[in-house]
Each structure stands twice: as C-alpha cells, then as structure tokens.
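After this come two complexes, each holding chain A, first together with chain B and then together with chain C.
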Partner chain A sequence: MITVGVDIGSVTTKAVVLVDGEWRGASLLATGADNRGSAEAALVRALAEAGVKREEVAVIVATGYGRINAPFAHRQVTEITCHGKGCHALLPQTRTIVDVGGQDSKVIRVDDRGRVVDFVMNDKCAAGTGRFLEVMARALETDLAGMAALARRAGTSVPISSTCTVFAESEVVSYVAQGRPKEEIIRGLHEAIVDRLEAMLGRVGVEPAVAMTGGVALNRAIVEELSRRLGMEVHVPPHPQLVGAFGAALIACTATA
Partner chain B sequence: MNLRAYVSKLDWQKHLRDPRTYGVLEILSYLWRTGPLDAHRKAAFRWGLQLLRRAYRRERPVVWTNVYTPPELIWALGGLPFLPEVAAAVVANMGRAPAFLQAAQSAWYSTDLCSFHRCGLGLALADLAPRPDLVLATGHLCDGAVKFLEAAAEFYSVPFYVLHVPYGGGAREVRWLADEMAALAAELRPLLRTDQRLQARVARNSNLARQYLVEINRLRALEPTPWSGQEALTYVAVLFMALGTPGGALFYRRLYRALLTRVRLNRPAIPRQRFRLLWLHFRPYYPGEPLSWLERERGAVVAFEEVHNVTWDPLDPHAFWSGLAARMLGNPLWGPARRRAEQVLRLVRRYRIDGVVHFAHWGCRQSNGAVPVLQSACAGAGVPFLNLEGDCIDARNAGPGQMRTRLQAFLEVLEGRKSGDHGRR
Partner chain C sequence: MGSAFVDLTCSYVPVEIIRAAGFTPRRWLPTPVGAGGGLPQSLCSYARACAAGSGTAAVFTTCCDGMRRCYDLRATRGDRVFILDLPRTAHDAAVTYFARELQRLGDWLAGLGGQAVTPKSLAAAVDMESGRRQHLLRRTTGAARAVERYGVYLESLATSPYQATAYGTDAAAPGPGEGPPVLVTGTCPPDPGFVAAVEESGLRPAGLDFCTVIRGFAEPPLGEGGDPWLALARGYLAKPPCPRTADRARRRAYLEQLLDQTGARGVVAYGFKFCDHTAYDLGLWRTVCRHRGLPLLYLEGEYGAHAPGQFLTRLHAFREALEA
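Presenting the complex of A and B:
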C-alpha cells in the first residue's frame, strides 16, 4: 500500500511517500504565496524521488496550517496529531514533543502508542518560532544556519522580550546601537525562545523522553539550551522538518480513501 | 426607485434611534411563520423589539447595567434594562463591531480591555443606543464592567450606582447584599416611579421561566441533545435581560416545547453528534465564528454551557431582595475558582461530557484567571480540557485558522480516547 503525507507549513511544504509503511521518498520546498501549487509540487517531487506513479497512491493525508488547500488529499489531520504519530514512530520512547515550526510552536504529550494526550500551542505572536529567528537574523545581518554557532560562542547573553517579535526586534536594534557583541544578542534570542518553550512545557507537563521536531530543531544551540533547562537530553529525529508529513503518511496507512 | 436603492439611501443611524422602526419590525414579525420547533425564536425577537421600542420611546426610565446584574432587580424597580454587553454581541453578529471598537480606542480605551466593553462604549460614543436615565453596575465578577459603565454614565451625565457584592456566600453576606439592594431600591423608587406590587409580578414571571429552564436543562442531558450550544449561547441574552418579564417566561415555555418536540420527533439540534462538549464562558459572536463549524461540520455538539445552569432557588416575593442576593452570591463563577471547578465536574457527569472547552476571551480577567484551577480539576478527573484563546466580539483579534486547528486537534484527542477504550464518564 502506498501512502503520502503532505505537510503545508507557513514557510515550507513537505511530502513523504511510504510504501507498505517504509519511507521511500520525500520533498521539501518553500510554501510561498500559492499553497495549492506548492502542495502539488511537493507531492510530485516526493513521488518522483520514490519512483512511484500518482495513480498507485492509495491514500493521501494533508496536514499543516494549509491542509485545507490540498484538494487531492483524502483526509485532513492537524499537525499536532501528525507530529505525535511521526515522532513516536521514529523515536518510540518519546512522550513529550516540542515542535517549533515557521509560525507556531507547540508542545505535545503522547502515550505509548503515539496518540496525543494533551497539547498546547503558542499564542498569536510569532515570538518563539522559526519566523522569530528569521526576523532577528535579518536584523543582525546574519543567516539562520550561522546563528547557532554564534550563540554557542557567547560567554553571556542579553535579556530579550519573549512576548512579541516586533518588540524583540526593536530591542535587538537597541543592543546593536549600544555596541553589544552580536554573539551575546543571538544567545539572548535563543534563550527567549527557550523561555517560551519552557513555559509551554510546564503547562502540559514534561514526561521523558523529550524530542524536538520542526525546522528549529536543526538549531543545535536551541536544543542544547532546552536540554540544559530540562535537565535531560532532548532528542532530535532525523529530518525533523519532515516528521509531520511522515506522521500524516503513517495515518494514511490506517485510513481509507 | 427600486428597493435596494431606497434601502441604501436610508439614514440607518436615525432609524435605529427611532422607536417606530421597532414597531414596524414587530408588525412585520407577524409575517414570520413559525412552527413548534422555532416559535421561541420569534418570541425572543419580538421581545427584543418591544424592549427597544419602549427604551427609545423612553416609556420607562432606561437603566444601563451589566450582564451579572439580575434583570429582575431593574424590572422590579420599574426600569427598562439595557445591556451594552449584549448590544455589543448583536453588533458583532452583524459584522459591525470594528467601527465601535475603534471609536472606543480613540477615546483612550485600551485594546487590552474586554471588547464587550470597548464595543459598548463605542455604541455610547456614537449615541446609537437608548440613552440611560441611570447606570447601575454590580461589582462582582467583572470589575471592567464597573469602570466601563462609570465611563458611560459620565458620558451621558447620568447618576451612577454600584452594588458592592461581598466575596463570600454565607447567610451574613446574603443579608448584607439584600439590605444594600433594598436601600438602593428605596433611593431609586422616586426616580424610577416604581410600584411595590411589581415585585410580586416579577418574581412570578421569573419563577415560571426558571421552572421551564430546569426542564430544558433536563432535556439537554439527553443523547442526542436537542439544543445546539451555538443557539444556547445566543439566547443567553434572554437570560440576562428578560427574566422577570412575561416575555421571558413565554420564551422559555416555547423553547421547552420546541426541545420536547425535537426529542419526540428524534430531530436533534445537530444530526450526527460524535462528541459532547461542555463550553465555559461565552462564545465568539462575529460572522464565521468557529462554534457553528465545530458543531455542524465536526459533529462536536456543545451539550451544555455553564451560563444556563440553574443554581438559584425560586424567588419568594416576600423575601425578594434576599432571593436576588442569594442568587448573585450563589453564582459558581463568583468566589473561589474551586467552586466553579466543582460545578464544571458536576456538569461533566450530568451531561456525560467528553471534553471541556474554556473560551479564553481576550482581556477577561475574571474567567481566564480561573483557568489553572479548571485545568487542574479536569486533569484530575481525567477530562480533556482545551483553553481556546480568542475574542467574543473582535474577529480581528483571533485567527480563524489557528482556532480551528486547536479545536480540530482537541477533537482528534477525543477520537483517540474513544478508539483507545477510555470510555465515557
């Protein structure tokens, strides 16, 4: 049985193809302004990588904030359930998942079968999400990939608001004007993100093992800071951005077209 | 000139303030053909039109007040209650709230405050609502309402009264509040030209409505439930304004018959009811709000909400003020949050609830402040709990996609529990 999961996020759209539950292909591309177009493109690319024809696909499940914009999908499931299912399949000991995507962050508690028991999502502001880091990288004239390394180099940090992205950006500009080292500012930004995640974790409760998914999980400085605060290792599955799409494809295995 | 062109040329503001508008609409309402299933809607509509006609005609003194003031208090004094918070919900339902919210913001009313009050103040500033003869606020539950009503009283240059409500709910507090209400009534009687005999009539109408409401709530416990949460949370306006009037009693009698007919004909409010939810606090009232989607498209019916829970005894006309005082103090939302949490768990059992949704209305301290206690109580009882952040009036303050994602994910949690043989409480 061939199934596909398509995760239409605010920044990237991902697709994962499974053949009898085995990972065969995947794709990841920018979402842009055309949700439907990017969902279609991600599907086509993932199928090509898997060497599978479209008519052979039994079930497609769409997830992510743009899930209603995938007319080819047989079912729409929220990213919360998909991340729970996908992460549990990759790291079966996981009970708490921290997912930080482009525009939102969430903490998900799952049971021993990967079923969601409880969850919380960030409030309206993008503070504490991938978008927050993007905005700050631009303000500091650096790139996302280099931010983690700069943060790890800093001996200390500056306090930065974790409430509002726009306020935080103005604080960053002020620190730059004061001549504070870029490394300290970036470390402060990382700590602001972890502050928010820690508060969300407190709301649902931390049950080991903890895993992190979403694009921000590729930032080692965030993962390390979160591990330090929790006093336990935060695991990152391979391809953390694709976990939602993978979970959607797994759910498709048990769904009917 | 065709009808559309004629309508577009109407001076709406002038007509809204003209009592004849409501008289004409009331006459037209006779053309509205209703059956046993929806006669209550017509009763509520006509009652609202009559109230507005009388208020704009200044037939009796108009008393602006807040939703936690028992309407029987105003009716018994011979006044006409006008609730700007209810008017704000109506305006939001018509998609007109942003202009009034903006007006309040321009008048130094912070966006951090409750949009019911901001919109209500905007209505006052636009001078669209019936002008008050006096303003009466209760100090319990919502301090924001007191401040907003004080601003409204100042705007209209009318007297402003506050009922100070003690925190406890014992006999001493009931006596204290009853004495305060009696003293207020004595002070207001000359202004409101009231007649002491009104009290008995108001108590009789209130008790009749209460009696039907108890029966209605009994029917709502049935599966499938005959009343949708979306409709129930619309008609809270009747509860807040019409208790104590013949119109209020008529509404609840017709509603009871409608629900009974639905039960007998097996025509539930929502055809396919997969989950039964308990909704805490109010709902969003703007077009496109998520509750109708949740119920109609997702089959998650709001089997009950805490507003309609009857927690008070029938009013004794000879102990009228004590009865109202006991009702105010007995409101489970007043006092320690633990009391509200205990009620929530009782409702969960009585209405066989699968999950509890607390609608965290932006700026509402009194309800949102209790969330940790409510969440903890639900977690302790093994009941899934969702704190859904949004805004009842201002659609711009809540992303519809974000709210739907949270609600859909919550239903997926409930689905997982059902498939996992967690069973129902």
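Presenting the complex of A and C:
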C-alpha cells in the first residue's frame, strides 16, 4: 500500500511517501503565496523521488495550517495529531514533543501509542518560532545556519524580550547600536525562544523522553539550551521538519480512500 | 416608560425587579469596542465594551474588578448606572444583605421614573418571567444543534443591532457535529460563532455552561409567601453557581452534575483574556477533569471576536485526540 502525507506549513511544504509503511521518498519546498500549487509540487517531487506513479497511491492525508488547500487529499488531519504519530514512530520512547515551525510552536504530550493526551499551541504571534529567528538573522546580517554557530560561540548573552518579535527586533537594533558583540545578541535571542518554549512546557508538563521536531530543531543551539534547562536530553529525530508529513503518511496507512 | 430598557451585565440581577418597576430588562451584550471603551486594555474585553455605554440605564454587579471599573467610569460620566453588591456565598447573612441591596435597586429604578416596586407588582413580574423561562425551555428543547440552542438563548436575552447581525451570520455555520460529546463552558460568547466552531470541528456540544445560557435562565426557587425581597435574594443566590462564587464545593458539585447529565467525554473551556473568574474557574475545571480522566481544552479569545482559524485547529486536534 502506498500512502502520502503532505504537510502544508506557513514557510515550507513537505511530502513523505511510504510504501507498505516504509519511507521511500520525500520533498520539501517553500510554501510561498500559493498553498495549492506548493502542495501539488511537493506531492509530485516526493512521488518522483520514491519512483511511484500518482495512480498507485492509495491514500493521501494533508496536514499543516494549509491542509484544506490540498484538493487531492482524501483526508485532513491536524498537525498536532500528525506530529504525535510521526515522532512516536521515529522515537517510540517520546512522551513530550516540542514542535517549532515557521509560524507557530507547540508542545504535545503523547501516550505510549503516540496518541495525543494534551497540547498547547502558540500561533498568535511569531515569538518563539522560526519566523522570529529569520527576522533576527536579517536584522543581524547573518543567516539561519550561521545563527546557531554564533550562539554556541558566545560566552554570555544579552536579555531579549521573549514575547514579541517586533519588540525583540527593536531591542536587537539597540544592542547593535551599543556595540554589543553579535554572538551575545544571538545567544540572547536563542535564550528568548527557549524561555517561550519552557513556559509552554510548564503548561502541559514535561514527561520524558522529550523530542523536538520542526525546522527549528535543526538549530543545535536551541536544542542544547532546551536540554540544559530541562535537565534532560532533547532528542531530535532524523529530518525533523518532515515529521508532520511522515505522521500524516502513517495515518494514511490506516485510513481508507 | 414600560418599554424602556434597563441593561444588565450579570445573570444575578433579578429581572423581576426591573419588570416590576415597569422597565424591560435586557442582558446587555454590547458591540465589541476593540481597544476603545475608555478602560485599560489589561481589563477584559467584555468590561471594555460595557464601559463604552449605550445611553441606556444599566445595572452592574460587583462580580469582578472589570465591572466595578466599568461602573466607576460610567458613573463619572453621568450615565444612569447602578451597582448591586453581589455576595459570593448563599449563607443566611448573605441573603439578608442581598435582599437589602435588591430593595436599593428597586428604589433606584423608581427614581429613574419607574413604578414603585410592591409585593403585588413583584409577584406579577415573577409569574411573567417564569412564563418566559418556560417558553424558552420549550424552544431550546426542540433545537437539534447547540448553535441553534445558543442562538435562541441569546435572542431571548435581548436584541441589539450587533446581536441581530451576529445571529444572521453564525447560525448558518456548517455543522452539526456528531462526534464525541463535550461540555462547552466559560465566559459568555456574545454570538453563536464560538459554539458553531465547536460543532464545525466535529465535536458535539452536549451541554453549554455560560451565564447567557442555563445559569442565566435557571428558575430561582422563590418559595411561597414571606418577604418577597428575601425570597428573590435567596432564590437568585441559590441558582446554579457561576465561576465567581466563593463556595467552591457547590460550584464543583454543579460541574460534576453537568458532566454526569451530558455524558461529556471532554471539556472545552472558553475565556476572554484578562477575565479573572475564568482563570479562577479553570483551576477547578482542571481538577475535576483530572479526577475524572477527561481531557480539557482551554481557548482564550476576545469578546466578540469570531472564532479564528487557530481555534479550529485546536478544536479539530481535540476531537482527533478524543476519537483516537
């Protein structure tokens, strides 16, 4: 049975193809302004990578904030459920998932079968999300890859607001004007994101093991700081930004077209 | 004078007294004001909307700090407003005190140009309101969808241009949900949009616990004979307890009863930002849900803001978790 999960996020659209539950292909591309177009393109690319024809696909499940914009999908499932399912399949010991995407962040508690027990979600503002890091990288004339390296190099940090991207950017500009080293500012920004995540974790409670998904999980400085705060290792599955699409494809395995 | 409205902002204001004075009581759900209204933005959006005023006489209660500030502001402006000191318990001393407060309300209404409230006019008003409640009960019993039931409740509370528009918009929202039954509780949504969103997500609102629903329409047990003011005070304080009541055991028993009656498999709680009582009640809900092994979804919004897409994702995820 061939199934596909398509995760239409605010920044990137992802697709994962499974053949009898085994990962065969994936794609990741920018969502842009055309949700439907990017969903279609992600599907086509993932099928091509898997070497699968479209008519061979049994079930497609769409997820992500743009999930209603995938007319080819047989079913829509929220990204909360999909991340729970996908992360549990990759790291079965996981009970707490921290998912930080481009536009929102979530903390999801799952049981020993990957079923969602509780969740909390921040999608009211960009604070503590990938967008926050993007805005700050631009303000500091660096890129996302460089941000993590610079943060890890800093010996200390400057305090940054954890509640608003606009205020935080203004703080960054002030620190730059004061001549504070870029590394310290970037470290402060990373700590602000972790402050936010820690507050969300406090609302649903932390049960080990903890895993992190979403594009921001590729940032080692964030993962290390969160691990330090929690006093336990935060695990990152392979291809953390594809976990939602993978979970959707797994759910498709049990769904009917 | 008989058709003049008197606005009220709390279901613990006895509408019978307003009727007996010759006015028409109206549970006021004003047009949202966003950042306006004259009160700080750190107060709840319902209080801010009420502070904007409508030109109509209004009765506030000391139910929360937001309403007290609302009264202060409008009194300073010279609006025709009254504040009823509302006890948080139903003990005998509280009943006696509340009865005196109700008499003070009657005097104020007479001073507004209304009729003097007498035992006879009060008895007639009690009968009239009882009839309205029975009529409402019959109408809501016939409504299959929660959004329709809530629409009927709101319609019977009052009609304002804002509310009329809201009914027209939201009553047509897709539904109904036939999924897992949930109890929907929290602060009073001024239109059926939130309830419609719950249904749209596939959840089935088996019970609604807002002060604009059954808490607001429960028949106060007035009893026979005796001092009518004391009977009204006792009856209103004995109504289903709302989140502001200090008797937490009674509130908890009420919540447990609601869960038993509805067979809810989860609770969706809705509150306005900066609503102290929602935060207060949420702790109790968490305790009750944990004790019963039920999941709880808390959603926070602004008074009058129609359920945004973010709510839908949370509601859908909650339904998926209940169905897993």
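One rule holds for everything that comes next: the second predicted complex is superposed on the first by the 256 of 257 C-alpha atoms of A that agree within 3 Å, B and C clash if a C-alpha of one lies under 4 Å from a C-alpha of the other, contacts with A are read in each partner's own complex, and residues count from 1 in each chain.
Simple rule for what comes next: a contact is a pair of C-beta atoms (placed from the backbone, for glycine too) under 8 Å apart; a residue touches a chain by one contact, two chains touch by 3 or more.
Note that the structure is predicted; figures quoted are calculated from it, not measured.
Once the two complexes are overlaid through chain A, chain B and chain C clash, as defined at the top of the document. In the overlay built on the shared chain, the residue A:Val116 is in contact with chain B and with chain C. In the superposition on chain A, A:Thr81 makes contact with both chain B and chain C. Of the two partner chains placed by the overlay, neither chain B nor chain C lies in contact with A:Glu134. When both complexes are overlaid on chain A, the residue A:Glu169 reaches neither chain B nor chain C. When the two structures are aligned on the shared chain, A:Glu198 is found in touch with neither chain B nor chain C. Looking at chain A, you'll find residues 65, 77-81, 115-119, 121, 123-124 touch chain B in one structure and chain C in the other. Chain B contributes residues 384, 389, 398-399, 401-402, 405-406, 408-409, 412-413, 416, 420 to its touches with chain A in the complex. Residue ranges of chain C in contact with chain A, taken from their complex: 295, 309-310, 313-314, 316-317, 320-321, 324. Against chain B, the residues of chain A that register as touching in their complex are 65, 77-81, 104, 111, 113, 115-119, 121, 123-124. Note for the complex: chain A touches chain C at residues 65, 77-81, 115-119, 121, 123-124.
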